[in-house]
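Chain naming follows the written order as A, B, C, D, E and F, and within any one chain the residues start at number 1.
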Amino acid sequence: MKKYNVGIIGYGWVATAHIDAINKSDTAQVTAIFSSRELDEGKLSSEWGSSIHTFTDLDQMLEDESLDIVSVCSYPNQHKEHAIKIARAGKHLILEKPLALSWEDCKEIETAINEAGVKTCVCFECRFSNQFKVTKSIIDQGLIGELHYGEIDYYHGIGPWYGQYRWNIKKETGGSSLLSAGCHALDALLLCMDDDVVEVTSYETKSRNAIFKPYEYNATSVTILKFRNGAIGKCASSIDCLQPYYFHTHLCGSEGSLLDNKFHSMKLNTNKDNWSELAIKMLDSGDVSDHPYQDQFETFFNSISENIDMPLTSLSLAMKTFEVVFAADKSATEGKFITL
Amino acid sequence: MKKYNVGIIGYGWVATAHIDAINKSDTAQVTAIFSSRELDEGKLSSEWGSSIHTFTDLDQMLEDESLDIVSVCSYPNQHKEHAIKIARAGKHLILEKPLALSWEDCKEIETAINEAGVKTCVCFECRFSNQFKVTKSIIDQGLIGELHYGEIDYYHGIGPWYGQYRWNIKKETGGSSLLSAGCHALDALLLCMDDDVVEVTSYETKSRNAIFKPYEYNATSVTILKFRNGAIGKCASSIDCLQPYYFHTHLCGSEGSLLDNKFHSMKLNTNKDNWSELAIKMLDSGDVSDHPYQDQFETFFNSISENIDMPLTSLSLAMKTFEVVFAADKSATEGKFITL
Amino acid sequence: MKKYNVGIIGYGWVATAHIDAINKSDTAQVTAIFSSRELDEGKLSSEWGSSIHTFTDLDQMLEDESLDIVSVCSYPNQHKEHAIKIARAGKHLILEKPLALSWEDCKEIETAINEAGVKTCVCFECRFSNQFKVTKSIIDQGLIGELHYGEIDYYHGIGPWYGQYRWNIKKETGGSSLLSAGCHALDALLLCMDDDVVEVTSYETKSRNAIFKPYEYNATSVTILKFRNGAIGKCASSIDCLQPYYFHTHLCGSEGSLLDNKFHSMKLNTNKDNWSELAIKMLDSGDVSDHPYQDQFETFFNSISENIDMPLTSLSLAMKTFEVVFAADKSATEGKFITL
Amino acid sequence: MKKYNVGIIGYGWVATAHIDAINKSDTAQVTAIFSSRELDEGKLSSEWGSSIHTFTDLDQMLEDESLDIVSVCSYPNQHKEHAIKIARAGKHLILEKPLALSWEDCKEIETAINEAGVKTCVCFECRFSNQFKVTKSIIDQGLIGELHYGEIDYYHGIGPWYGQYRWNIKKETGGSSLLSAGCHALDALLLCMDDDVVEVTSYETKSRNAIFKPYEYNATSVTILKFRNGAIGKCASSIDCLQPYYFHTHLCGSEGSLLDNKFHSMKLNTNKDNWSELAIKMLDSGDVSDHPYQDQFETFFNSISENIDMPLTSLSLAMKTFEVVFAADKSATEGKFITL
Amino acid sequence: MKKYNVGIIGYGWVATAHIDAINKSDTAQVTAIFSSRELDEGKLSSEWGSSIHTFTDLDQMLEDESLDIVSVCSYPNQHKEHAIKIARAGKHLILEKPLALSWEDCKEIETAINEAGVKTCVCFECRFSNQFKVTKSIIDQGLIGELHYGEIDYYHGIGPWYGQYRWNIKKETGGSSLLSAGCHALDALLLCMDDDVVEVTSYETKSRNAIFKPYEYNATSVTILKFRNGAIGKCASSIDCLQPYYFHTHLCGSEGSLLDNKFHSMKLNTNKDNWSELAIKMLDSGDVSDHPYQDQFETFFNSISENIDMPLTSLSLAMKTFEVVFAADKSATEGKFITL
Amino acid sequence: MKKYNVGIIGYGWVATAHIDAINKSDTAQVTAIFSSRELDEGKLSSEWGSSIHTFTDLDQMLEDESLDIVSVCSYPNQHKEHAIKIARAGKHLILEKPLALSWEDCKEIETAINEAGVKTCVCFECRFSNQFKVTKSIIDQGLIGELHYGEIDYYHGIGPWYGQYRWNIKKETGGSSLLSAGCHALDALLLCMDDDVVEVTSYETKSRNAIFKPYEYNATSVTILKFRNGAIGKCASSIDCLQPYYFHTHLCGSEGSLLDNKFHSMKLNTNKDNWSELAIKMLDSGDVSDHPYQDQFETFFNSISENIDMPLTSLSLAMKTFEVVFAADKSATEGKFITL
């Protein structure tokens, strides 16, 4: 079977994660990398195990007819330009989060992609993590009933000990607490609550620790969502906390609750005074046997083959999440409710 | 609402457990006790909180028209005589396990009860325990699929440190390892496998420790069951082991397995390398917040009110379990397969 | 030393908790109980170990000059009337939460008490629990630095299995999710964040389970608080969830975080990848060796002796909490931000 | 000291495990590999660190006089032919399990080996695992007394996610649940019970999951053993279950019991209500610091040097295990007891 | 069978522990109590379930011929006088620790008892605790070989929260850290090391916390023992620490080590990188199912019946421990080694 | 920035640990190795990633002007000669423990270094471990108050399974239990107690296991220290025990205690009946994410740059520890107290 050829834009940490996952799949391989820096083709090819051409001119790379898919791993403020170029070149797209740094840019991307008729996969790979596969199965099997309240939060201090800190601290490239990282939690919350958001309220604040002083935006926010069916959701995002990484999930339903890897279900008659505990590869545990990127990309490659929309993380689904993200940031900045 | 009046036959440890559970219910109360010993009515009434008459003549007690139900807590070798008398007196029956010490006696009891048309509850109260409510729910929700292999075992050393040891060691009153105690495990296995047994094989052995020398029968047995649908079950029963009490359950199905309070379910996408763990009040944990006797008796009183058959532990269901118990003991003694 | 004599208004579950704690102290004793029902003085005296007079006429009890203190354990909708009467009778007051069911009533109570010049203790006894003593010490020792974000939540399903369910479901007597129970969490949040609230937003929802249908108000709410110093707080309160009782605390500061009984502190150089774990008698653990009521009452009796204001749970401190509670409920009902 | 030169027949997963263990020992090295496929000598030599010649003609390899030992890692249905050839060539043998796929073939192998007078090591390497070293020590130190009942079981789903699934599903190459994998558990049971088997009964069944449909035999069996001294043993083997790998051990003796890595011993006065827990590298834990293969092979090389029989896993000891395995499979197929 | 009648001297906390344990035995009962305070015979008899006479004149009690045994539960500085009187009255003795507050007094007691020929039991009841039964069994089964180094320590802050604090702080009644409480640890160390002490060195210190200021002696000491066979022992005793009660045991032998309830044994081949863990009712755990007092007293009553010396805690064995205790205290005070 | 060039003396296990840590730092690199054996420069350079020259003549290496620092990783009995040479060559020194095998040698080293005016780092790298950073922070934050008693012990069997066993067993090269390894524990004790030692007593013993017979000195010792402020310390060191590696710490202070990774603090109001537990990378846990060597060396390189004394592990601080070590060994040998 023919393997899809994938080009990568940008060569930072996230790019290496993409290349690793793509080359581990049976159905695709990385054959091109665009970077503003000169890279050593031989070294890259031997490191990643596929024959890789490098480009410092993006247009040139996009002219390569053998390329089927291009993955956008550039700085967030370059996403729009890169995505539109790729779409117009007729390639399918893998788009790292955040999609872009404004809702208008997101919509321009969407328009270009719709016009091009190419397929898309937005990297909300948590939807492919073992944690959210199990969480969603618990909900879908009816074990905790219909949800009326849910919280999913992101607590992960992004300080100078991470490479991305350098550009993440800037408003222009990091955007906001949600755009920078918390959107994964908000996206997971939307996956679980599974209903349309009708109203958003958000508040922001920031740490007093000098480490986080360089952040040009408030690096902690908390957002409340009102769903059409009356349910309420809440998403805290803090990238200036100092604690173990915690991807906190708490879902309350009509037959029980789920709290991280624990649950209680009236349907199973479990003892209500204690939590039952699920064997899950938790996102915040660093369990390396979980491979959400690889699962997501293989699913994308299959959906291209079968000419169907990417399940779970297509552009149209991701747009719903980003619409809420931008509404939240607007609410926090302007100090008012946002109705969707 | 009128409360049912219950009489008790025998006043040993199990009788006190019955009285306690009955008087804690809202729907019945103990009003009579028959014992060959003279008992102090005043002391009993104040201890148990209901007005209790005592009898040393069973017939006299059974003539009491205010009595609705009689519970048989006498020695196992008296069960048949007592049960038949009660049935003929037109009272409903609570029957402690073992029903009787031979299959013929069981059938005589059944005949008398069917002729009298009274209702029955046989004390396989484990079916009302939190452990087997959860276990059955896991199966019924399809989380481990269709079962093809199951084990439920009873490991609990009954030595001189227990009062019942005195008569339990005798063939005439204890019967066998299964009749004495292991029938709870075998009954739970039948509950879970939920199919007809077509063949039984059993082997027996005994401990070399001097403590257990007085046992007149082999106090350890292991039984294999073949079910009509091709599934296989196994039940070990050891009352001469020296270890923590262990009510071992292991069920293998087409979508996962359950091991005691742990499970794996393909339906939930849980990590197959580790067990998920259910919050259960385990039978072998001595969790006093679990009340299988009380739940069972309240269900029985309700089924009398509603004039329906006792669910889960009616005589007709219990007969199926005892048929297998006697077949197993016969197989072990005679050294051959028994076909049912 | 003379012991204070305490009268109790109402004789439900909470009254028995008060009496038990008061009589276990060395400095006070319950000598009077007012109830609309006739109660047996002899039985009460022997049960509680102090000589107790009972009254069915409140005015008569308040005329008793030997009474120093009166505790208000009546239905919430009677609190205002009772509190004002007691104050006017010149007795010190113990006031169960909620103080009253409207902010106006709270202020009337405050006025009466200020006029009378009596001392008060409002039952926010969680401030005297081991959990919040430790939590506050962690903050006060600077181990997690200055807080910029905090969550304290109350998850505890109050269904028909609790006596209070009967009247708690009514708007008139239960009030709201916060007034019914969640105010303990909100009060603890104010204790920890230790700054003035300037803005409040709240949303409400309710469970789809039939058990909770009788609630006349939305039994789950989530509230966001903005503090004068820019910090943000969040308090979820759910009395219609089905799960183990969970009094969730998560505080993020400039030197670390505290999550329930866990913490990380840069000041201690602990491993940031794992939580350190504090030995705490948790509120939601049912640890019976913790006695917040008794500690609170002994502190109150001492503050009367020393003629100082009750620390931590005086009326004036509690008023700050209830002002936020009523603002939150108003925000949820009217769908707008409330500025304080 | 001269190192023994070892040749390997077959180059699948198990062969690589043999080579790794042999080359890590101080007393032997792999110098030859026979495979029907052409292999790259240089690559093999550099990968394994010894100079390796490859052969596609087995007779040619066996003519190599420098070869001292040959290890049989071919498909099970080739074992007999290969073993006999090696014996006749005068080489010592390492034999992977199953020895062969019929009792007659096993006996032909034994005859050839006895005639050749060479030494043998059959890969029941679990006897050299830390788990069974500890288990045997507990028994040998008398801590659990004389055993009267024992269970050792093998639960490990072998589905398409394992390479061997391809040929393991076939009756011709996989054989039966016991021959395929469960024989390790049965062998461990014989090691622990340490007595002659006089009677065997076995039952078979299979999973309803489509994954396991391709199995040409019933992939789950349960076998009961009666020992000469009256003790009873039981061995379940399931390679079509879906759960964490579980090598279950439960041994009941006159002074206590052992359950997996837990035990109770009257000899040590430990608390009978709780299990004591042994630090063991469990077979089913994937503890990579345990090296049963290497220990077994080093013991084998030493026994050749000392011209003594291989302890624990010689052919004559392994024959006893396989005699029981074939008896069990016959019992299951023919539906009758087998007397040995 | 006749029950022994026991008299008690003193009626403080330890006396109630003795009475409870004695009356729970089948072989003795408390029939007399001497106290300087007047006590209510009726109340005592009903509380303890045996008919008890009270005395304020000790000589009068000792004249009672029905008394077989007398237990000395008076203040430590009264032990000598009381013990000698009892011995001369021809009664057997139970002697609470410390035996006396000087070595000379101990020897006077011993002389009087030897002259009287009565039997004795000194309350080193830890020798009858489950913890030291298991510890001694581990040693006696050879599982950790011959000991060459051992530590047993006592860490338990005795502050105003304990009744005994009042008199324990005084040099005259408390004596020293070892005499007050630590002698239990030192006695257990001698039990385990099982050899003669030839040299003792000890150092003392005290807490800087104001709570412990009233102690008239240094409430923390550490003692090193040299045994005849060359082994070394160490015993720390701290009654002015602030931490969970910790009865620390660490024994190093030629085949392994034991650390509290954990051990490693080369004899069992356990994994040396991890501790095995014994199910023990630990002294410092407050496990109420352990009854060292009762076991000790029943053993004493049996040894009187059988006219043999009390095992484990006879006076002559206890004298060896106290000789070391006094040598340690002398070493600490005088700043020199003490040779025994 | 210029990187410091480091030379290494000796090429055993500890040398490789130094090279690895030095080359991982940003501020230095290994450029020279002296060894009596010929080493392959190319292989070393490629293995360690820096360009390395090798020498078999030490003087020649020391003549290399590009060398800034030399690390002494030779056998302990060569340390003095090597250290003095390096100092005289004007290079800064890293000195592995033990500094030397006699106090006189230590002082000669100190004199030479003082004369040369070079900087020193003695490898008491445990002071840079996460465990002792946290321990010291707990003390420095006042959480356990002023210490009056402390124990830090080293239990780690050094048998034939370790390479160093070969020379460690000799008196001439191993020295004593403390010199060989236990000095790390004693040094940590001095760090924590933070006061001058005024008196030392020590006892020695040895294992009866044949494995440890070759030791020419007593491989277990226990030492008591008296500090100027009256506090007492104790350090056991056993390299002939058979158990998991245990670096035992127990510190008792006026506000609480610390036991290994557990603590209780009155300052935090934690529950005194249970230990709080700190997230620490324990020395005895083999946590590879802790890098004490690297932290120590980077601190050393920075202190050279800033021309300040090495914090925590300078020669002058280490001399204090070795003075106590030699006093302890003298006390044990001569059987008397040593006053400092």
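Rule of thumb we're sticking to: a residue touches a chain if its C-beta (ideal position, glycine included) is under 8 Å from a C-beta of that chain, and two chains touch if they have at least 3 such contacts.
Fair warning: this is a prediction, and the values are worked out from it, not measured in the lab.
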| field | Both-way neighbours, i.e. chains that touch chain F and touch chain A | value | C
| query | Which neighbours does chain B have in common with chain F? | reply | none
| remark: Note: among D-E, B-D or E-F, over half of the A-B contact pairs reappear in D-E
| query | What is the chain whose Cα centre is as far as it gets from that of chain D? | reply | C
| query | Centre to centre, by mean C-alpha position, how many angstrom separate chain A and chain C? | reply | 41
| task | Using mean C-alpha positions as chain centres, tell me how far chain C is from chain E in Å, no decimals. | result | 47
| task | Would you kindly tell me how far, in whole Å, the mean C-alpha position of chain D lies from that of chain C? | result | 66
| task | Enumerate the residues of chain D that touch no fewer than two other chains. | result | 264, 273-275
| said: Taking the contact definition as given, in what order do you meet the chains if you travel the ring from chain D through chain E? | reply: D, E, F, C, A, B
| query | Contact residues on chain A for chain C in the complex? | reply | 145-146, 148-149, 151, 155, 201, 203-209, 220, 222, 224, 226, 230-232, 234, 236, 238, 240-246, 248, 250, 252-257, 259, 264, 266, 272-275, 335-337
| Which of the residues in chain F end up touching chain C in this complex? | 130, 133-134, 137-138, 141, 143, 264, 267-271, 273-281, 289
